[in-house]
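Consider the two complexes below, in which subunit A is the common component and subunit B and subunit C are the respective partners.
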Partner chain A sequence: MLIFVLRRLGVMALTALVLTFVVFYLTNLQPNLEKLARSEGSVRMTEESVKVWLAENGFAKPVVYRYGEWLGVVPGWTHTDEKGTTRGRCIPQGSDPAEAATYCGVLQGNWGFSTVFKNPVLDEVAGKLGATGWLMMWVMIVMVPTSLIIGIIAGMREGSRTDRVLSTFSIASTATPEYVSGVILVALLASPMTGLSPLLNEWGVIGSKTLFQGSATSAMDDITFWNFFLPVMTIALYGIGYIARMTRASMTEVMTQQYIRTARLKGVRFRDVVIRHALRNALIAPFTVIMLQFPWLLNGVVVAESLFNYKGFGWTLVTAAGNNDIDMLLGCSVVAVIVVLVTQLISDIGYVFLNPRIRLS
Partner chain B sequence: MPDMLSWPMIIGLMVKQFWPVWAALVVTFVVSIRFKRRLGLYGKLFDSPVGMVGFAIVMFWVFTAVFAPMIQTLPPLDQFGSAKNPLPGAPTPDGSPYPFFLLGGDHLARDVFSRMVAGARQVLIIAPAATTFAFLVGITLGLPAGYFGGKLDTGLSFLANLVLAFPVILLFYLLVTPEIRNTGIPIYLAAVLFIFPVIFCVVLLNGRYRTNPPRRNLYVGVTLVFGLWAYSGLAFNMDPLGVWGMEPNLLNVFVSVVFVNAPTVFRIVRGIVMDIKSRDYVAAGQTRGETPSYIMMWEILPNARGPLIVDFCLRIGYTTILLGTLGFFGLGVSPESPDWGSTINAGRKILSMVPHPAVVPALALMSLVLGLNLLADGLREESLKD
Partner chain C sequence: MTTWDPSQPILEIENLSISFFTRLREIPAVMDFSAKVMAGEAMGLVGESGCGKSTVALAVMRDLGKNGKIVAGKIKFKGRDLVTMDDEELRHIRGSEIAMIYQEPMASLNPAMKIGAQLAEVPMIHQAMPKDQAWALARQIVADVRLPDPDRILNAYPHQLSGGQQQRIVIAMALMSKPALLILDEPTTALDVTVEAGIVDLVKDLGHKYGTSMLFISHNLGLIMDVCDRLCVMYSGEAVETGNVTEVFDMMRHPYTQALFRSIPLPGADKNSRPLISIPGNFPLPHERPNGCNFGPRCDYFEAGRCNAGDIAMDPIPGGDRHASRCLKWAEIDWMAPPAARVSKPKSPIGKVVLKMEELKKYYALSSGAFGGGAKKVVKANETLSFEAREGETLAIVGESGCGKSTFAKVLMGLETATSGSIMLFDENIQSTPIQKRNVDTVSSVQMVFQNPFDTLNPSMSVGRQIVRALEVFRQGKSDAEREARMLELLDLVKLPRAFAERMPRQLSGGQKQRVGIARAFAGGAKVVVADEPVSALDVSVQAAVTDLLMDIQRENKTTLLFISHDLSIVRYLSDRVLVMYLGHVVETGTTDQVFQPPYHPYTEALLSAVPIADTKVVRKRIVLEGDIPSAVNPPPGCPFQTRCRWKSQVPGGLCDREMPPMRMLEGGHQIKCHLGAEVLAGMEPVIKAAAE
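Up next, the complex of A and B:
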């Protein structure tokens, strides 16, 4: 078991290294750097002065070397201009260059400075992750039980009418990506012109113009049912169908096993067969699926946060990408890659733990 | 000036506008059901109600794409009048080719209905083509990885997992930007990805006609000439005759979507091959002295077709969703383009005030993906019955 985990960790570290390098390479392409020089220096810089600016700010070195700097395994760049002032990657503004550290990269906790948010990347990412954490938590609270219940009830009696109805619902929900469900939910529930809200307002059921709020910006300070319901449902809906279908498939398979038939023939009630015998075996596969669903949720989070203007991690990623904020984008990528890899690891290890039939080595 | 249309009238006019689609659907269904016993898996589809509904929805959109110029009421890129976001059923200004905005207009007073119809054409050209390419890449790499195993498998699987561990949205933001075109990365990616279909066809034909050199040379030669001709045009835009070619923006989107999809196909193919290669007919082929390429292409691949066809349907739907995501973030083919993702993106800013410009393409996209999912479900059910 230990060797299995260690090997997995090794592959994971290698993957993380390669992925961060790819992101680093793609964000540090020459056109992006020139754009950065123009936005940080001055818009009317000539080609020549752009080159000088890049050289003075440590961007002239080969990309592998700069990746090392960013990672913190290669000494940071320094530059001394004609006046004798030394600036450098590891020298904060106004501090003594002699006291500065040689290495300062992600490993040392220096994630760079965001040009859009005017804040250190680490602080900014941590704050935004907190906001997204709440969103994720509610999505999970809604999504996991709903999808498991749908999947179990549908898979309990394969081919029954309940199964048909629930399976159709699951298929429909997997066909509704976040940007579609978000648009439809807003049009139905949060528009003062169409959908339910004008009707309810006319009947006097709700005092405000709309039933739910179409923007989740106010949820940054205070989460309420009315401002958080739509973004949570938007993200959850797409996942519900997928997990429910996986649960159903796993459940139908378990229900055809010999021990279920034995239990039925012994005279155990159908309810008890499902709860005691089938459920525990049927839930192994959905566990993996739920864990692997996290990377997809990231996708949903980005869409929902931009649609509902909730300033979390996804919104930050979009803003950073749209404004050529290289350090911020790198920081977001590191977090995203770590989330993906850690959930993969948990799902692998969890699968082995949950399923005693798998023997390692 | 005519009055606003009521909803029943709008629906009536839309149904009328779609007449070529209804006619084509009726012909397809009558012919298919008449001859269903002779049509193999496709014919069996008409035994499953779910599959039939899915097939009908998919074919509805396919025929809409085919007959788009006949169906659309107004030119999808032109503006009619100066009123912003006219409501569904509002009259168009005098002198327009059609008297009404059937499903309203967008913020530039372009007709939402016509844009949706024109968007179907865009989506139904890019999504199946990208999925096909992803499949050819995935199959060409997955067959040897599963069949030979060993170092090749380890290396390719690591690469596939690498791409799969990349959050899709981040990859899109990095790959589909205007700046990246200047660096030539999409062209390098295209150069790598687009060669696989050529390799696939050459290996396929070479394996089959290896024992008959004259025919082999003819077939492989024709494939090579034709394939490399298309390759030069699509990947490098250097087709000497100018038949094949892709807009740089479209190439960028296309390559990214193929790149995201191919590793999943690779994993599926690899898994199936590892299962099939222990069968007796594979051992029989090996004993007969067949080459590995023949066994992979003509023994294993035909027997893996069931799950692959089902996944192909699902994957077209998934690709449609991906293309929509790209459009939603403004990374699509072009800002003018009527494809559904871009129109949803344009409409979402004023969503709570005037929902129709965003809701119409959203429903269209959802119905197409739903149709593909139902079709895949029907196919799976029917193919499992054998």
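Up next, the complex of A and C:
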């Protein structure tokens, strides 16, 4: 078990290395760098002065070398200008170059400086990730139990009326993209002009203009049911349909297995057949899907966060990409890679507990 | 619970009719079926696949699924009609009074639940027994079904047990609440013969011990004779003959029963002088049943205008023990007359050596870790295999699962390469040439007929196209037209109508598919054909036809046939020489007569005694092997068979534990790998004897 985990961690490190290099390479393409030089230096720079600026700021070295710098395995660049002041990757502004460290990369905890947020990337990512963490947690709390229950109830009697009703709901919800369901939810529940809110307001059920708040910005400081319900539902609805469909498929398959017949012909009550015999076997497949939802959510929140103006990870990613914030983008990709790999590790380990036929080592 | 008089039948099925409803039509699966099972009696249900025997069993359990419905008749269990019972009443009967044992033990146990929990559940539901008592009872029953180390087994998951152990667990589960009726649906079909013998013994003993009545469903007549008191022969949804086992076996009164017995290889059948007689034609599809007698179109005694006039009822046979037949002409037919269709065929001459194997070894390296780490283990799939096969000869390779017979076939075909040793095909060394590197001649001269005809044909290619494709691969024929013509000839060869060339595999029955498989194997003029259990997936009546076809083609083409099988009856019937394998070793080899008569290798002896024979005139010595076949990863030291051998005590000095016995040459080229002394071998009694008349 321990060996398996260590092995997986090794594979994770390797994957992270490869993936971050790909992102590094793509964000450090020449046109990107020129854009950066113009936005950091001056918009009206000539071609030559762009080249000079890039050389003076350590961007002229080969991409592999600079990736090493970013990682912290190659000494950071230094540049001494005509005036004799030495600047460098590892030399904070206004400090003594002699005291600066030689290496300063991700491994040393230096994730770079965000040009958009004017803040160190690490602080920025950590804060935004925390905000998204809350969102993801609530989505999971709503989504997983709901979808499993729907899937199991639909799958335990394939073709029944309950199955058809629930399946229709699942297909509809998973076929609706978040930007559609989000807009519908806002129009229906959080608009002072349309949907339910004006009616409820008229009848005096609610005091405020809208039932739910259309913006989740206030949830950054204080999460309430009223400001968080809509973003959570927007993301969860899509996932509910998807996981419920998976669970249903798995459940219907399990229900046709011979051991279910064995249980039935043992005289086990239908309810116990489902709970004691079918459930654990039926959860094996959806479990993997649920664990895959974590990385998916990390991207999935982009739409919902932008829509509800919730400044989390997704919103940050969009802002960083839109503003050519290279260090920030790299930081986000590192976090995303780690989240994906860690959840898959958990998924593999959990799988062993659900399925006694699988042994890790 | 109503009182029930033990002299009354436990189960009484009266004129039961079951139909399955599809969107298109109603498909009658069982018609007008009646049967009675008395207390302590074992009733056998025999028939080919699709005859409705499992449907009857599931109907008794009232578990026909969504589409199945009982359309008429009664199923009375202890006097109460199961057909009209509601779900709650049924639930109390299922598992507590009627229990069922299934064909595939692995699939019928919950993979995610411990054995103990699955067993203990039964008394916890039906007798509201507390958990610890239920586990204690489970432990006792597990010991009752003769499983070693019950505590370990109770805490194991199903996948940690072998097939035989799993089936014992399924039996234990059925016995947990001492049911009055046990339904066994082909309980041993998925198991090896020596394991099967153990299970059959167990079922019989437990039946006596607990006084349980049994409904035993099987396609194997020999097994029915071993286990049951009475039987019911089914054909196409109807019971055609029922009666006491000895009466039906010795004085059958229905043409189908007779045809069935003539198509199974009993001792005395011989491929040349007394070939098997297969039943002509095919099983009718449920919605294409003929008028009148369902067996009519395939029956030798068919009389138009009488047999196909209208429904035929079961007719009791006077003087019999509740013996009845669904035949209008049973009183007119001369049942003792020898079959007219039996033609003896000339024995094909055996020619020069075609294939020669010397000291062939095949080891597999197995890594124990999931990612290639850990200590390497070696599976010795084949150990020093030496033999030769001649032109026109049938060499049977016999052994149970895991004995290495399929590995051997793979090495010969070139799907695997040998670890050491040599394979000579004619004068060519082919042991280390994988199939991709073999030339077309070699590939087309060594071909294979596979076990499962359902999986070996491409489902999206017509039959003719598949054979033409084989011809192309073997570079036969100069033009498409020539190949087309050759393909039609091949269809003639395997006795399929030429029109079948246009058909898709799904339109063919199992036997017809296997014929296509044979045609494909012979497409390149194969000299050596490896038939890996070619008939074991087929019904008995079709088995005879396919075996005879193989024999006919062999006679015509002088093919060398390597017949891999676990079924000794069929091996005795068709092979010239036999090779018995156990755990990768050849333990005995010789002509068919030498192997089937003493002196035996102890394993051959046990194997012979384990095969049920459907003949009341044969007496068989029962030798039940203890335990399972050891794993090839971890074979026992010394003789591979020493862990299960009943003769081990006759060898002095514990030689069996230490040393691998040498291959000993007995008279006439008969070879045995055993330490037993010459006088012990000479004193062995035959396992199968004709009973004194």
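Criterion: the second predicted complex is superposed on the first by the 344 of 361 C-alpha atoms of A that agree within 3 Å, B and C clash if a C-alpha of one lies under 4 Å from a C-alpha of the other, contacts with A are read in each partner's own complex, and residues count from 1 in each chain.
Going forward, contacts are C-beta pairs under 8 Å (C-beta built on N, C-alpha and C of every residue); 3 or more make two chains touch, one makes a residue touch a chain.
Quick caveat: nothing in here was measured; it's all calculated off a predicted structure.
Enquirer: So in the superposed three-chain picture, is A:Q344 touching just subunit B, just subunit C, both, or none of them (first/second/both/neither)?
Expert: In the superposition, A:Q344 contacts subunit B only.
Enquirer: Who wins on subunit A residues touched, subunit B or subunit C?
Expert: B
Enquirer: Is A:N110 touching anything from subunit B or subunit C once the two structures are fitted on A? First, second, both or neither.
Expert: neither
Enquirer: Is A:P192 touching the first partner subunit B, the second partner subunit C, both, or neither of them?
Expert: So A:P192 only meets subunit B here.
Enquirer: Could you look at A:G267 and tell me whether it touches subunit B, subunit C, both or neither (first, second, both, neither)?
Expert: second
Enquirer: For A:L354, is the partner it touches subunit B (first), subunit C (second), both, or none of the two (neither)?
Expert: Only subunit C is touched by A:L354; subunit B is not.
Enquirer: Quick check on the superposed pair: does A:Q257 touch subunit B, subunit C, both, or neither? Answer first, second, both or neither.
Expert: Once the two structures are laid over each other on A, A:Q257 reaches subunit C alone.
Enquirer: After overlaying the two complexes on chain A, where does the subunit B footprint on subunit A coincide with the subunit C footprint?
Expert: In subunit A, no position sits in both the subunit B and subunit C interfaces.
Enquirer: Mind pulling up the subunit C residues that touch subunit A in the complex?
Expert: 61, 63, 66, 91-96, 99-100, 102, 104, 107-113, 121-122, 125-126, 157, 159, 170, 173, 369-371, 373-374
Enquirer: Subunit A touches which residues of subunit B in the complex?
Expert: Residues of subunit B touching subunit A: 158, 161-162, 165-170, 173-175, 179-180, 182-183, 185, 317, 321, 324-325, 328-329, 341, 344, 347-348, 351-355, 358-359, 362-363, 365-366, 369-370, 372-374, 377.
Enquirer: Where on subunit A is subunit C touching in the complex?
Expert: So the residues of subunit A touching subunit C come out as 3-4, 7, 159, 257-259, 261-269, 272, 276-277, 280-281, 354-357, 359-361.
Enquirer: Enumerate the contact residues on subunit A facing subunit B in the complex.
Expert: Residues 11, 15, 18-19, 22-23, 26-27, 29-32, 35, 171-172, 174-177, 179-180, 183-184, 186-187, 190-195, 210, 214, 295, 298-299, 302-303, 306-307, 314, 317-318, 321, 329, 332-333, 336-337, 340-341, 344.
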